[in-house]
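I've put the structures underneath this note.
Shared between the two complexes below is chain A, which has chain B as its partner in the first and chain C in the second.
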Partner chain A sequence: MPGKSLSPWTLSWFGSAMIALLLALVLALAAGIGPEDFDRPEALAIVHLFALGWLAQVMLGALVQFVPVLAARPLAFSRLALPALLASSLGTLALAGGFLSLDGYEIARPFFLLGPVALGLGFAMLAVMILATLVTRQTLRLPEVRMVLVALAGLAGLWLSGAAMVSTLAGSRVAVDLSQALPLHMLFGIGGFLTFAAFGVSYKLFAMFLLAPEAASWQRRAVFALAAMMAGLMLTGLLMLAGDAGITPLLIAVCGISLAGAALYLDDVRRLWQARRRAHPELNMSWSRMALGFLALSVLLLPFAIWQGGALARASVFAALVGWLSTLTLAQMIRITAFLTWIQIFAPLIGRRKVPTVQSLTHPRRAGLALTIWSLSAAIGTLSLATGFHAGFRLALCGLLIAATQILCELVAIRSLSHLPAPERPGLLPPLILPAFLKSQHSAENQI
Partner chain B sequence: MTDIAAGLEQALRGVCDPETGRDLIAMGMIYEARIVGVSAHVTMTTTTRGCPLTEMLRLGVEAAVLAVPGIEAAEIRLSWDPPWTPERMEPLPF
Partner chain C sequence: MTTPPPHELDVRPILAQGEEPFGAIMAAIDALQPGQALRMLAPFRPAPLFNVMANRGFDCADRRREDGVWEVTFTPQGSGPADAGMAPGSAPGAGFWPDPALVLELIGLEPPEPMVRILEEVTMLEPGQVLFALLDREPMFLFPELAQRGHEWAGNYAADGQSYRLMVRAGAKDD
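Right, the complex of A and B next:
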C-alpha cells in the first residue's frame, strides 16, 4: 500500500471540516448575523460549528497525519482515527444544535449535554493516538513535539472550560461564572490548542516546504517555554474558576506571554524564510505569510480585547480564527491534499517512469485568487467588527463563502487530477475523501 | 567511468524528488553509489526521517537501478547519519 505510514482517514477529516466551514458561513449569512449579534444562541451555534467543526477538525486531522512525520514512526492506535472523527463530528453537531435550546427550542436541550460528552470521547481517542506516537525519549527533546503536547493540554482545558459552561447554561448543578469562563475558554481554544498546534506543526512543515535548515533555534525553545507557562497559567485559571476566584490578573499575564511568544515565533519563521534554499516559495508558503500577518494583528489587539472586551475583543477573535488560523489552514490544505493525492497515485511509479511533481497537481493562480478573496474578506471582517459596521461584516461573510467554495472546487480538482494533461492521468482515481482500501481490490490495482 | 557506472548515475538522475522536481543526486540524497561486479550498492537518505515517501523512494531507486543493463542485483540502504540538510543540494544552474 502506498504510504503505509500515512493515516488513511486524513482526507475524511479534511472533507468533514470543509463541510462544516461552508455550513457555518451559509448559516451565518442566512441567520443575518452582524457585528453585535454574537450573544445570540444561533450565533453561538455557528461560531462553534466554525471553531470546532472546521478549525479543530482540520487541525486534529492534520495532527493525525503529521505526528508520524514528527516522531519518525507509524501512528499508534491508528484504528481510532475513524471513531474519533465520528465522535467529534457528532459532538460538534450536537453542541451547535444544543445552543438553539437557549432560544427556547426545548427539543434541542438533550443535544446540549450530548455535545461535550461526544467531543470529549473524540478528543480522548485522538490524544491517545498522538501521545502514544509522540512520547519517546528521543522525540521529547524536540521543541516542535513539546509544542504539540502543550497543544493537547490546551485541548483538555478547552474541553473542561467548555463543558463547565454548557453545564451552567443547561442549568445543571455544576456552574461557573460565565463572564470569567468565556475569555479563558476562548484563550484555551484559540491560543492553547489551535495556535500552539499550528506552531508545532509549522516549524517542521515550513522548514520542509522552504528547504530551510531544521535546527532548533533559541527562539523556538523560548516559545515552547512561554507556551508551557501560558498553558500552566490557564489551567490554574480553570481551578480558580471552580473556586469562584477572579482571574483578571491571570488574563493580563497570559496576554503579556502571548505578545512575547508570538513575537519570538514570528522572528523564528523570519529566520527560516531567510535561510531557505527554495528561491520561489510555493503558494502555500506565500499565503502562510499573510496568515502570520493576521497572527500579529490578533495578538496586538489582545490587550485591548482583555482590557475593553466588546468590539475589539470580537475583532481580535475574528482576526485569529478567520485571518490567522483559517488562512494558514486553507493554504496548507491545498498543498497537503496535492501531496497525499500524489502519494496515492504516483508514488508506486517512482523510478519506473516519469512522474509529475506534486505542484503540478495544483493550479496556483486559481488557488491564489481564492486565498486573496479569503484574506481580503478576513481583513474587512476584522475591521467591521472593530468598528461595528454591519454592512461591511455581511460583505466579509459573502467573500469568505465565495472563497471557501472556490477552494473546495480546487480541492476536488486536485483529487480528480484535473490540472494534469490527460495522458498523465490514470484510468481510475481514488475516492474523493474515503480511504482507497474501501474500493474493491480489483479497482485499487487499476488505479495505478 | 565504466558504462555500468555511467548507467547507474543516469538511473539515479532519473529518479526525482516529487516536491522539488529535482533528481536525487541534485538533491544530495544519494550518499554513496558503487558497483561491485554485477551488483549496485546505493546508500540514500530522505529530507526528513519521518518522510512518508521513504520506502517508496527506496523501492523506486531499486527499480531504476535494476533497469540498468549489466546490473543484476541492487542493495539500496537508507541512512540518516548524517541527516540531510539543504546545504547538500547542488546549486541551481541558473
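Right, the complex of A and C next:
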C-alpha cells in the first residue's frame, strides 16, 4: 500500500513527550510537592504537564503512527500533524502556566484561558486526521478501531469538562460545580481517553510482539461495548452538570463498568499471552505485564476513590497515570523507537548488504534496569500517597526522575545507533526527532 | 464484464514545463469510464496524491520502472474480477502471473524478519519470476520498499483471518 509506512512526525511527538515527562518530574521535586499538596496550583500545573504533555502527547503520536496501519490506508490530512503537535504543546504549557494564576500570579491569567483554546485546536486537528483515516466501512468492523473512536469521544469529554472548570476558576459566567465536575474530569482523562486508547493500540501491539493470533475475541467485543456505555454515561454526566443535577449514581455505575471492563481486558490479554508463539517474550512485553498489574491496582482502588476521595483517590490516580499508562508507554516506546529507526535506516539496505537485527539497536539490560526503577518508584509512590507518607513520596519522585533520564539516554542511543559496532553503522544518520524528508524529491513531490 | 484498458497519463511533460499537473490528473479521473483505471507516469513517487485518490474511491499500486520512472495505477475500488478480494495497493492482474518460482513459509517470525527474508529472496529472482509467501500479518513496511525497488505485489488475508498470503513479482534486478 503506498504511503503506508512511517508517519514522519511520530518521533517528534515522542521527543516532545519525553521532554514534558522530565520537566514534570523535575518541577515536582523542585516545588517540594508531597502527598498533601495535590490541590496546590503548582501541583495542578505539574499533573497536567504529566497527563497532557507526556501521556496524551505520546498516545496521540502513537495513534498517528498506528491508525494508518489499522485502516490499511495512508494517514489523511497528514499535513496537520505538525500544527497539531505545536498547538497541543503550546496549549499544555499555557494551561500549566495558567494554573499558577490561581496562586495570585496575575500575569499568568491570560494563559489560563489560552491553554484550553490551543489544546482544543490541537485535539480537533488530530481528531480530523484520525477519523478521516479510520472511518470506512471495512475498518469500522474492527473492535480495535471502535475502541480508538470511543477514546476520541473520551478526549472530547475530557476537553469539555476541563474547559468548563477553567472557565469556572477564571470567574467567567459559564460555571460548574467543581466538586462534581472534577471526578468526571479525571475519569474522562484517565479512563475515557488514555486507557481506552491504550486498550485499542495494545491489542495489535501485543499480538505482534507475542506472535499471537490477531482475531478478535468475545472479551474484546464486550470491552468495547462496556467502553461505549461508559463514554455515553460520562457524556450524559456532563449534560447533568450543566443542569446542576447530582451525578453520584452515575459515578457508581461508571465504577462498576470500569471494574468489569478492566477484568475482561486483562482476561483477553491473558488469552493472547497463552496463545503466543514466542516462547520468551521480550523486555517490552514483560514490563507491559507490570503495567497491567498497576491497571488492576488502580481499578481496584477506584470504588474507594469514589466513595471516600482523599488519599485513596490520589493513590488510584497515581497508580493509573504513573504505574499503568506510563510503564506501558515507556516499555513499548523503547521497542517501537528501535523498530522505526531500524526500518528507516536498514530497510533500504536489505538484500544489498547484511543488516543487523532490531534487537542489536537496543541495550536490554540498561532499559530493563530503568524500567525496574520506574515500576518500583510507581509502587512506592502509590503506597506513600495512600498512607500520606511524605518521605516515601519524595523518594518515589527521585526514582522516577532517575528512570526517565535513563530511558531518555537509551532512546537517544537507539536513534544514533550507538549500540551497534561502528562498521555496521551507515555513515549518515537521520535527524534525532525531526522528519527526514527526501531532500531531492521533496520539492517536486509538493507540486502534486 | 469487460474492463476498458487503463487510461494513460504522463505528467512528466507537464512538470517539465514547470506547471501543476493536479488539474490534468483530476480531469483525467473525471473522464474515466466506469471501472476504468488510470495509469500515471511520473518522475517521482507522487505520495500526496495517494490520499486524495483513496478518498475518491481509488486503490493505488505503484512501482518504479527500470528507467527510474514511477508508474502508478489507480483502480476504482471493487472493480476488476481477477483482483476481487485483494488488499488495497495490490497490483492489478496478479491472477495472470506465472506460478511461483519460490514459496516462503514465514509464519511465526517476528517482524521485521519476514520482510528481510522476502526482500533478500526477491533480489535473487529473475525479472518476472514470482515468489509466494505465507505470513502472520500484513507486512505493511514491506510494501513501500517493494515499490521503491520496482517489484509488484498482491496480497490478502486468508478467509479465516489467521494468515496473510502475498505474491511478489520481481522487477528488473537492482544494483
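The working rule: the second predicted complex is superposed on the first by the 433 of 448 C-alpha atoms of A that agree within 3 Å, B and C clash if a C-alpha of one lies under 4 Å from a C-alpha of the other, contacts with A are read in each partner's own complex, and residues count from 1 in each chain.
Here is the rule we use: a residue touches a chain if its C-beta (ideal position, glycine included) is under 8 Å from a C-beta of that chain, and two chains touch if they have at least 3 such contacts.
All figures in this text were calculated on a predicted structure; none of them were measured in a lab.
Using the contact criterion defined above for the overlaid structures, shared-chain residue A:277 touches chain B and also reaches chain C. Within the superposed three-chain model, A:217 lies out of touch with both chain B and chain C [touch as defined at top].
Contacts of A:168 after superposition: neither chain B nor chain C is touched. When the shared chain is aligned, chain B comes close enough to touch A:70, but chain C does not.
In the superposition on chain A, A:350 contacts both chain B and chain C.
Within the superposed three-chain model, A:372 lies out of touch with both chain B and chain C [touch as defined at top].
Of the two partner chains, neither chain B nor chain C is touched by A:406. Once chain A of one complex is fitted onto chain A of the other, the partner contacts of A:236 are absent, as it touches neither chain B nor chain C. Of the two partner chains placed around the shared chain by superposition, chain B and chain C are both touched by A:342. Residues common to the contacts of chain A with chain B and with chain C across the two structures: 2-5, 69, 72-73, 208-209, 211, 213-214, 277-278, 339, 342-343, 347-348, 350-352, 355, 358. Touching chain A in their complex are the following residues of chain B: 11, 14-16, 18-21, 47-57, 59-65, 85-87, 89, 92. Put simply, chain A touches chain B in their complex at residues 2-6, 68-73, 204, 208-209, 211-214, 276-279, 339, 342-343, 346-352, 355-359. The part of chain A that touches chain C in the complex is made up of residues 1-5, 69, 72-76, 78, 132, 208-209, 211, 213-215, 277-278, 339, 342-343, 347-348, 350-352, 355, 358, 441, 444-448. Taken in their complex, chain C has these residues touching chain A: 11, 15, 20-22, 25, 42-51, 54-55, 60-62, 72, 87-89, 108-112, 115-116, 119-120, 122-123, 136-138, 140-141, 143-145, 147-148, 160-162, 174-175.
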